[in-house]
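The following blocks contain the structures, represented as structure tokens.
Two complexes follow with subunit A in common, the first pairing it with subunit B and the second with subunit C.
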Partner chain A sequence: MKVDRRSFLGLGLGAVAGIAISPVGAKLTDDSSIWTQNWPWTPVPPDGKISYDQSVCTLCPGTCGIKVRKIDNRPVKIEGRDSFPVNNGGACLHGIAGIQYLYDPSRVKTPLKKNNGRFEPISWEDAISLLAKRLGKIRENQSPDTLACITDTDLGSVAGLFRHFMAAFGSPNHVTMPTLESWLALTAQTLHGSGHTLGFDLDNADFILSFGAGFIEGWGSPVACFKANASRKKRDAKLYQIEPRLSTTAAAADRWIPINPGTQADLAMAMCGILLQENLFDPEFATGFKGGLNRFNAMVQQKYPLEQVAATTGISAADIKKTAIAFAKAKMPVAIPGKGRGNGAQSLKEFAAVHTLNCLTGNINKKGGTFVKPVHNYLAFPDPVQDTVARKGRARKKIAASVQELVTKVNQSDEPVVDTLFVYNANPCYTLNEPMQAVKAFEKIPFVVSFSSFMDETALSSDMILPVSTFLERFEDVPSKAGLASSVVGLTSPVVDPVFNTRSPGDALIRLAKACGGTIAQSFEWDNYETCLKNLVPGIWKALSRDGYALVLQASPTGRVETDFAFLADNPPTIQLQGDFDLTLVPIDNMRVISTVPASSPFAIKTVSDRVIKNKDIFVEINPQTAKGFKNGGFVTLTTPAGSAKVRLDFNEGIMPGVIGMVEGLGHWFDNKYVSGKGVNVHELISPVIEPGSGLDAASGIKARISKA
Partner chain B sequence: MIQDKKAHMFGMVIDLDKCTGCGSCTVSCMAENNIPFKEDESNKKDSLTWMRVYKVSNGKSFPDTQTAYLPRPCQHCGGKGDHGHSPCVTVCPATATDYGYDTGIVSQIYTRCFGCRYCMAACPYHARYFNWWDPVWPEGMEKYLSPNVSPRMRGVVEKCSFCYHRYQLAREQAYYNETDEIAEDAYQTACTTACPAGAIIFGDLNNPSHKIHQIVKPDPHPDPLNHDVVRKSRNPKVFRLLERLGTNPKVYYMSEREWIRKLGDSYLNGEWEKVKNHYGSASHD
Partner chain C sequence: MSEIENKTEHGSMDGTKECAAGDPKNDTALGLGVIFFILAFLICFLSGWLLFPKLLYSKHEQPFDFDHALHVQETGDCESCHYLREDGTFSGIPETESCLDCHTDEPMGTTEDEAIFAAEYVAKGREVPWYVYAKQPDCVFFSHAAHITAAGMDCITCHGPIGESISSRPYEENRLTGYSRDIWGRNIWGIKKNTWDSMKMDDCAACHQEETGHKGYCFQCHK
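This part shows the complex of A and B:
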């Protein structure tokens, strides 16, 4: 057939008409639009009944009440619990992101044992019996003191059970991580005698003098502090912030007083001197002073003359005086110690000097003041049953008073001083200054058992991991701490069954004790942790289980307390920053990054600014004046006596010239792509410096330099 | 403008003097609205954050520098004269985003969106985000997703909805209770309830009994100098972002600090001096 122009056009038009009339086109379009709107890979969350469970968050020492929204049995959202005595509604970002920890990619899903450097799953029964056998051998060798234990705190029943276990086992070697609470308790002990701790009534104080405390950046109980700060304007309460950089707290404060890093203690001493010299102290309160107020006064006037302190701190003498007088003349002044979050390396001298300012004003145990509170022991632990081995071991000398010291002792000694080490809810292989020293020590200790929910640096460095349930999967009593004015115990209760093969740490320990047999088993006669907890808190269990919290001290302490100036009157030395470079590196506490245990959640890391982390690189804050010759955002090598790292520069007018600030809580190296491998752990660049007065690490910074990368 | 007295006008005022930049609002929003996360979220242009907290500075050098934080949800613009012609709504070819005349909320319907991103270009506040990838949750984490908000798929735009699902729940609850009123605390966004500092206040701008109305004191008359601008605050400490554009956002900001208020718009030399003292509307005093 001949195709001419006419038939070609005819066919073409016919085809066009055919296609236009045919339903196929419309059908295909319809199908494709339906198909493109089917996303089978996008989850459809199942619907169900909405309910709310109450619990208490344990991610930080803040003790906030939370309510967990559930759809059937799935927890979907955490929010702050209204009418809870600490936070009263509202929660911080870490608490809100708390459900992510349930399914965190780095969770330990089953007990693990390291064989030839690799973790292999093991059943709970095998893990417990293996561990019990090992512990039995230690006791057979009459050396129960070679079992050591590190816990995050010494408060609450879980830490109490570890202490109870160590007592029954016969080892004195239980040490805890340095927290704001432990520093406050040590300060209270130094100035007011043991059995005390400090609480600050920041909701009512009308003048807060903060010596670098990240008042709205995670210091103390964060949500309670946020609320106290938010109500400042209404109450006409002042906040003065003394620190080297314009932190969020400094930016929100009525005044920011930049100070040379590491000189806060000297400033507080000089301010004490001004108060004494100008007769601005409370004479009535001074009658409770012991240990030589006069001696203290003489020492302060002699060793901390205003002009000299002005030179050390970089604050003008007039300004120091003005600030001290404004503080003393306020009706309800409170001075708060603790740089950043107030945990980790801090200085006892600084804490004591700052608290002495509180003592001098006499605003102690009064509304809007500082409370010197008795450490209320609401836990009724039975006496541990001890055999001769235990009694002998207990009587031996403690290897170390702190985790830092333990690490040093293990590394320095040729013989194994510790045979087996328990670590609970602590990550010394990441949080200590020079954390690789802890990793080295853990390698040297023959057997490290980590009671951990996550495969963090410390878990990776251990030989056996007993996976513990997260705070959403278990019971626990949570005493308020970290400078809260009220003395509350909250109850964490399980809102969901354990997602993995994990147990509550209390249950793990009770089972271990039973497997050990003998007097240890006799010391742990509880069937499980839940009954144990009920037995331990007979007085408050009813309130705890009904309300989710119980007040252990009904009223705030009142009356005068004795104050002993002996420690400060001896003028303990101020810790000098290590190294002889020109610049100073200081860690920055950023509210959005957790610097302790657990590590930040993926949501929290998502909120971190791109001027802190960009791709995998960390930025350090530096004043443009200091960084002359370098480019904003450019890479440099940051070197300190402890090591060096490649970082990027963030030119920042809010930091003193000569100071470099690096955010804490980054640079993790465990396996979690959302959180780890981002930036540098600032503690790897800081060497510990032991403060003579406390025996604890007080290195809050280190000398540093930057060079072209 | 809708004359129906019953029409709501949901809005928000954020006290920048109370805001601590902690990020609780951002995380609460992400947890509430099934917002996913990726391995690397440091490229903020593709990081889905309906509520983003910006850090702002007065630009001065040490030691006079000052900083503050500015949380930015979708501003739920009413458009010029508040007629519902929001910048994003007017450009959407798919009617995937629409203005709710009964609530003042700008919606986003994911299944209608075909990802042209005109709305993102039109939005003066960078409040809209594009899903360049399908959301992926680590194994098990999809168990915490909320059934109230559908997870989005790649190729669509998303943004803050003022937690519209919470409004729906509150409405259902009101229906169940056989009332017409939705109480102030019955409908609050996730960021509002999360804020530990109490810096965010949410409510109905049309309802004089609501806190937001009392703080913002919205002017019933258009700005005499610019008739496109309505609902201007009569509180001299309250401002809106890029107010003079006439987008009429329903998110207000509040600060006692002048430099922060000045950052709310771009002013030519000397312009700020003219407006700063009669900042609200000309009729407010």
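This part shows the complex of A and C:
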């Protein structure tokens, strides 16, 4: 017997057959696939005790209550907080992605000082003492007014501390970024006198006439608006959306009324004319009208005749009239102003004209109406201690009334009008129209200090960065704003120790004031920001610390308010779009992209549609009729008087012919591989146009053309 | 014609002739091949069924023996120790502290196991490092609340009649995956007779399909 090739073949085949009908193959296949999931280098989050902390989100003006799920001391998830008066358990995609900001690749990890164009780490002590010395020299030179300050808002204790510092230091030059809240406050101030702002009871209104407000795309307090919109069907409440494109809001509305860009103010004026002519205004409320209602009526009838406005807006006269009458006859109508999110460049004339519609219906300070509310005044700041230098500096003329004007003044002046600039939680080098002008101005200002959590465009253009903790790492009071009906103050509390060498902005400022010494230090006697906050809100601290929020106004305002028509009766001019091209470029607000501070999180950017951004290329919406001769998805050069950019076309029949829409919030150029270098910043293509009535930039679009790339 | 060409042209014919010749040498070789085949088949087949499972799993004894039946008898139900907390999380393996509702560092009975528990864990305030038979991977989110409270399921559906056991069986750990043998099931083919015989994703999906009409979406469990 000889063992040959066949014997081995038999052995091999037998072994294969034996294993094949045993469970070895199936089981090992399954097990080895699980084995690959458990390689030691695969990160596994450590287990631990589960707990929840309450706080308030500050990523947008929405003031949503949140609860943060923690495993031991590590925050792992953000959810909406139940029974919170603003969002009642809801949360938006940016809120739930909030934890990513803790570990964001562009976070500033330690104080930085620019030396020969490069940022170098510096200790907090050295940074504060260096800055205090510089500020001391400014005061020695008797020119404290050359210190300027830009903050995101003028509400809340942190903005209040900056204001307090400027007052103690002796400079009147504190300006804030234009936000929906600032526009609403300016509108209320113009029509009802200073110290007021507007809130809209959208949960109860039965007719919402939106003049381009992205009602479910980030306008106002986004989650509160989502909830109000979700309950509309049950309440049988109507939503009419007036804007040039079929936005998500327009698609969800009962009616979409396309309008030529930049003509909303004219439409609102014409509608006011119809209400007055048809005697559809509330006679009882009208007794509070002053400043020439008759003059206003005569002006709108003369300057905004229906046929002419129909031609300007592109809406038929019959449609305008029908809409105005439907609005006036509704039981609880509310007209809401503010294109897109309502921040940035808007028009006071438009806001005032839209709010005048509310005033004429008389649905003011009533359920389902518009509330003319007193501005939050819950903060009990002591008077700043001022020396002669401070008093003299403070009495000097303000350099500028807005950030845009400040940038222009700095760029136009041969002399340095600002020696040192503080910027807190704002990114003018990205969000302003023609942001490179801000970059230029910042280069011209000898010393710019950015109080920022992230190395964004403005931080990059600064000379020193004092890194501030994110909202998950610090205390802060957060007053409700942005058109919310309720007057609530939420408390942001630290849910985790600072991940990096950062401090709360309040603490940084208190330390700086103490280092400055003299009357400035005397004005900041608090040991730290937490003590300061407790002292500033004595009336509500108990509720704030116990419940995480406090109601500043227990009930909504009631009763008649006086309305002054003087501003509108003078018929302030409507801002014309700049340029001679045939098309109009308008910015689009997309719920998934943040257009202000901070920039979108990596998570949010991943959710943006391929029809907005693909790889690094941005798409612009255009009607196929307008894009004849071009290919859907093809590259074109988009040119405006402000500049040009290579973009891709997205044919969309839901945008009016002649209009090009570009999503804002993209095209960042700071170092963040997840968010930056994607698309184009639409504001780089739009030049600012100052509106005479407000003195603010009102350019919400610009003339444009497209050509083959 | 060369030899190669000749072979090519008549290759198959020649081969047939050679095989069909009935050479006794070839018969022996073939017979040996078959024997080897059968031998190898039997060895591999039996190893696959009998030896493989023994090699695949390592056995660990629990820190001490636990008598479920006795505890159920004393406490009345499963929920006394395995309960839902107020926030919806499940106590799972009870902490030593919750055992102290009844136990002290003095044993209540006479068993050696209780003596170990009292001396090593109660007296020293340590947690018992139990091996958990039903432990699922980290990538799985599972809510006991959703299954017990919302769906009204019994413990036994997934965990079997563990409450009737009087001692702790050894914990068998898959050497490759690190998971308990209970997940795949005792049957090496994964064939199950009872609902609690295995706890793989397919078992979850099958039950969901039956109870809700849908297998469920990935993100429901893999969050």
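In this section, the second predicted complex is superposed on the first by the 671 of 709 C-alpha atoms of A that agree within 3 Å, B and C clash if a C-alpha of one lies under 4 Å from a C-alpha of the other, contacts with A are read in each partner's own complex, and residues count from 1 in each chain.
Everything that follows uses one rule, which is that a contact is a pair of C-beta atoms (placed from the backbone, for glycine too) under 8 Å apart; a residue touches a chain by one contact, two chains touch by 3 or more.
Not measured: the values here are computed from a predicted model.
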(request) Decide which partner touches more residues of subunit A, taking subunit B and subunit C as the two options. (result) B
(message) Going by the contact rule set out at the top, does A:121 touch subunit B (first), subunit C (second), both, or neither?
(response) neither
(message) In the overlaid three-chain picture, which partner chain does A:674 touch, first (subunit B) or second (subunit C), both, or neither?
(response) first
(request) Mind working out whether A:93 is in touch with subunit B, subunit C, both or neither, as first, second, both or neither? (result) first
(request) Go through the superposed model and pick first if A:45 touches only subunit B, second if only subunit C, both, or neither. (result) both
(message) Is A:573 touching anything from subunit B or subunit C once the two structures are fitted on A? First, second, both or neither.
(response) neither
(request) Identify the partner contact of A:13: answer first if only subunit B is touched, second if only subunit C is, both if each is, neither if none is. (result) second
(request) Starting from the residues of subunit A touching subunit B, keep only those that also touch subunit C in the other complex, and list them. (result) 37, 44-45, 47
(message) Touching residues of subunit A toward subunit B in the complex: what are they?
(response) 37, 39, 41-48, 71, 74-80, 87, 89-93, 96-97, 99-100, 102-105, 216-217, 222-223, 226-227, 229-230, 233, 246, 248, 251-252, 256, 258, 499, 591-592, 602-611, 613-616, 623-625, 653-657, 673-674
(message) Taking the touch rule as given, give the residues of subunit A at its contact with subunit C in the complex, in rising order.
(response) 1-4, 6-19, 21-24, 26-28, 30-32, 34-35, 37-38, 44-45, 47, 50, 52
(message) Under the stated contact criterion, what part of subunit C meets subunit A in this complex?
(response) 28-30, 32-49, 52-53, 56, 87, 89, 137-139, 174, 176-179, 184, 188-190
(message) Applying the document's contact rule, which stretches of subunit B touch subunit A when the two form their complex?
(response) 15, 17-18, 20-24, 26-28, 30-32, 34, 37, 39-44, 47, 49, 53, 55, 57, 60-63, 65-69, 111, 134-135, 137-147, 150-153, 190, 193-199, 256
